[in-house]
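Each structure below appears as structure tokens.
Two complexes, one shared chain (chain A), two partners (chain B, chain C).
Here is the complex of A and B:
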């Protein structure tokens, strides 16, 4: 008898687990009803294209097979092999430069917006005359559309433009007016406007974060003899670390996938800045559509996605404690 | 006394540095407006004085004639407006479900919402482009060069992040409100509709503005999925403008100013809601 019940126990537990699960589904009917529109939409315009993208990365999809859509010839991992090892692959052209530039761009912009954002948040968290005007004014670049940022800065970077006027005629930093939209300087012509547009948002986020830190802990630290710098390192930064962690990830993702500023700043809207300023998104779009090479393009975007997943993995390991504490 | 003086000196320095950065920050925007009031000859010779000779308001008239900006404007307003309405509605419904109910699948859904942000847009671009072509070839239903094609794509893209913003907003509203309402005889839907929705208006406004501004800024998909000026949006229009009239900086700067103004107006009218809504999610997690 005892043996009998023991045998049945796991079965019973599983059955009751299932019953609990069913009850939870039934109890949450309302929640599911709220989710239905979103789920349908995300399945159709997120999951479906993604699955197609995976499938397309194994197909020979070019101008001749385009009409066959998903029935184009299956070529296995040829697209991946071609991208990695065949330097004649059209989508591969200039990709090395684009990867290098994107890495430099993403790192410098991310650090730039975080440092500038935090610095301005701390400066604007002080009490000084005209503070609210300064705060509002600082938000302006954030509201300028990114395609306007490309056009506007492209205009300002011109050889006889206003930036060279300041650098050469006013500050005398260079003997001759440098070219900013040509050669190795190009990367700065992209980085600086991106930082300019990006830091106000970080400033807003950090300001909100700073305001959650109680004033009295600074007073206590001052009485204990801790200098401003020590207070910043030992109190402000650790308190802001969860906010910094989240924004760091969003910034890296945004900057690696950056497209608009480069595409409106260069080549009269054609968006090719040359090997010193080309980014991954502009390069991949241009090459894939230029050569109607959608199989390779899909393979490249999937590899990019996995590279990003690895970055997220590293990020998660680095900030695990802060993220779980929230 | 000396420490006091030292402090006031450093305070003065910090304030000066702050204002210097503020001026440098807004300078490019002022420069855009300032340039737009010059004739093209003056611009090509290089403007180096900050005094305005005679405002060339005519640029602001000519820009509408040279390029069909009125149509681009209409298209952007229509597409971004409809996207905001749709994605905003989805975000309110799903955000509420995720904030309040612990239902089977809610964790999976939250995870997938966040992971959509990792996917490069280009990964959707090729499949969606080919899928749109296929739908047209198979069913005769045009998708490329249509409003609904663009609205569909934008709604799908901006829904996940909007759900996340709305969710953090709903989380910040105390649960007791619905609980006491249900005790008073309200259904779950009535509690949501009559009590929570009015309270979450600031969050809804913030999310809507976020969606609108993001859609207003989108170039890559609009560039690929629209080829006829009947449905092209402002970013595409500006990019085409640069391509055709690359030396007409007078018109280009006027157009840049005009497309920035609506965004600024919307933003500053709703700044209070927008910032509190955005930071609520970012700071509280």
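Here is the complex of A and C:
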């Protein structure tokens, strides 16, 4: 008897599980109905183009075969091999600069917006008259479209522009007005506007996070003799860790895929941003789609996607506990 | 209940996003012509009145670039006489901007869904033709006068190099020439009759006007955009040609611009900036900022196209610069001759029949009209571009500035009509940008060797592109 039951138990459990599952589906029919449009559109605008892009990466798809589009000659992994092992491959030209710049850019911008965002969130988390006006005003840079940010800062960075006026004529930091849109300084000319535009969003997120931390634990800590700094390190930061984890991922992805500001700052996509201004996205766009080699462009994009997936994997390992606790 | 309402509105929103996303390509500016509509109704009452080959009502979609201040209205105004005579024809205009035009046109070429009449930049024609996006018009061009009727430099780009088929008809032309401040040259005592003769006289003229005080401010001799611009390649090649160099060898198989003569040209032009005849701040700017600077009296000489003269004649209220001192004190001269003679870059646009068009006959009739004397003159007047027809370019009715540009087109050169020109230009743009970094002093030392090195790597990349 005992043996018999034991054998049957998982089956029964599974059957009842299935019944429960079915009931839950039935109960939430309305929820599923609401999800249907989203799922359909996700398939249409995300999944299908992705599959198409994946297929394109196996085709010899350039200006001469573009007319055949998805029926262009199939070349297997040739595009990938060319990218990895042929140093004359057009997509490879200048890619080292782009990878270096993107790494510097993504790290500094990510740290910059998170630190700025957190600092401002903590300032605005205090109660003071005019707080809501201050919060709204701080959001302004984030409301400015990135296209406008690029054009605007493009003007300000010019050699006789307003930034050099402050740095040289007012503050006397340099003997001569430096170029910001030419040469090595370009990297700063793209990092700073991105941080300027990016931090307010983080501020809002962190502000929401800070407000979930109950006030009384700070009171308790103060009574126990913990200073402000200690409270920040041992209480605020750990409590915010899940929020920080998610935002960190978003920021890294966002900044590695950054395109708009660089593209608009250097002659509306016309100019070459230079060896210190070119990012992965602008380089890939120019060297593959600008060269009309859509096959290798797709292959490069797919490879970049897998590189990003690896970064996401590392991130997930690092923050697994915080994310599961949520 | 509330939930349902929310879900429905969410659904509607999602829908509208998708719908507007798809429509965005076409709805930029569809304006049906009033004359055409009127005509349509009269055509139904008296169908036999027209002598056109077909009186069936036909709607033609035209894709044009922003060639004039009001691109769609100006285009339709040019067509007005034709539409009055052909009441069965209605033209719908969509204005593409240069930045996204390439993507839209290639998408149209691959899907077959596109306009009937398509404007293409002259350097794009071989590429789109090689994709099969536009129709051959070889046996029809006799209707518009054939090759002899148009400026040779622009006619060259209606075919793919080495192929006798013709894919388009030149619509309008632009050329680069020198704009200079007559008052500043007079003040510096420079004779403008000889100043623009050759490279030596040009440089000494620039040295003489450099730093002249105008209205209490020092003026730079020359304004030129560096790398953050659409025209980087167009700005440099005239000097390479004038030095006796060329982009590619005669058979388009080898790269030649990095040889000695080409390097001479690049060194002369960039040397003007390196030797202090240019305010280095201008190296970060784009063409329209440089034109604005010339208008503001920051430079005594710039190189630009016919549109700037039109801009100087346009009232400030309409976005022009007629209020500036420069507007009353400028003249136009051709680029100075180098060791290899005189040269300038001639660009422009062509009219083509889109291969997916269902109204090819009517589209060709429209092209015939747009390249007629009447329409060429009318469109040149609103756009500030030059007509592409030789007889009109040589017409004595042109004003002094336009005559100078018409003169410049005689030395006009253009790039090889190879299908790979687009990628080639992208590669050149990148390496020429690095040359400007060298000139600005932020990428190594400016010398013949360092510039040569950059041109060599440009040549290697271009060679890979043309041999693919």
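Please note the rule applied: the second predicted complex is superposed on the first by the 283 of 326 C-alpha atoms of A that agree within 3 Å, B and C clash if a C-alpha of one lies under 4 Å from a C-alpha of the other, contacts with A are read in each partner's own complex, and residues count from 1 in each chain.
What we mean here is this: a contact is a pair of C-beta atoms (placed from the backbone, for glycine too) under 8 Å apart; a residue touches a chain by one contact, two chains touch by 3 or more.
The model shown is predicted, which means the values in this text are computed figures rather than measured ones.
Placing chain B and chain C on a common chain A by superposition gives a clash between them.
By the document's definition of touching, of the two partners only chain C reaches A:88; chain B does not. Contacts of A:106 after superposition: neither chain B nor chain C is touched.
In the superposition on chain A, A:160 makes contact with both chain B and chain C.
Touched residues of chain A were counted for both chain B and chain C, and B has more of them.
Once the two complexes are laid over each other on the shared chain, residue contacts for A:187 go to neither chain B nor chain C. Looking at the shared chain after the overlay, A:69 reaches both chain B and chain C. In the superposition on chain A, contact of A:179 is made with chain C only, not with chain B.
When the shared chain is aligned, chain B and chain C each come close enough to touch A:34. The residues of chain A shared by its contacts with chain B and with chain C are 30, 34, 37-38, 41, 44-45, 66-67, 69, 160, 268-271.
Those residues of chain A that touch chain C in the complex are listed here as 30, 33-34, 37-38, 41, 44-45, 62-64, 66-67, 69, 88, 90, 93-94, 154, 157-160, 177, 179-185, 266-272, 274-275, 286, 290-293.
Chain B makes touch with chain A in their complex at residues 11, 14-15, 17-19, 21-22, 25-26, 28-29, 31-32, 35, 46-48, 89-91, 93-94, 96-97, 100-104, 106, 109, 112, 116-131, 133-134, 137, 152-153, 155-156, 159-160, 163, 188-189, 213, 216-217, 219-220, 223-224, 234-235, 238-243, 246, 249, 252-253, 256, 259-260, 263-264, 267-268, 271, 275, 278-279, 282-283, 285.
In the complex of the two chains, the chain C residues touching chain A come out as 3, 7, 10-11, 14, 18, 99, 106, 109-110, 127, 130-133, 226-230, 232, 280-281, 283-286, 419-420, 422-423, 426-427, 429-430, 433-434, 436-437, 440, 442-443, 461, 464-465, 468. Contact residues of chain A toward chain B in the complex are 21, 24-25, 27-28, 30-32, 34-35, 37-39, 41-42, 44-46, 48-50, 52-53, 56, 61, 66-67, 69, 120, 123-124, 126, 128-130, 134, 136-141, 143-148, 151-153, 155-156, 160-162, 165, 169, 196, 200, 204-205, 208-209, 212, 242-243, 246-247, 250, 253, 256-257, 259-260, 263-264, 268-271, 281, 284-285, 288-289, 294, 297-298, 301-302, 304-305, 308-309, 312, 326.
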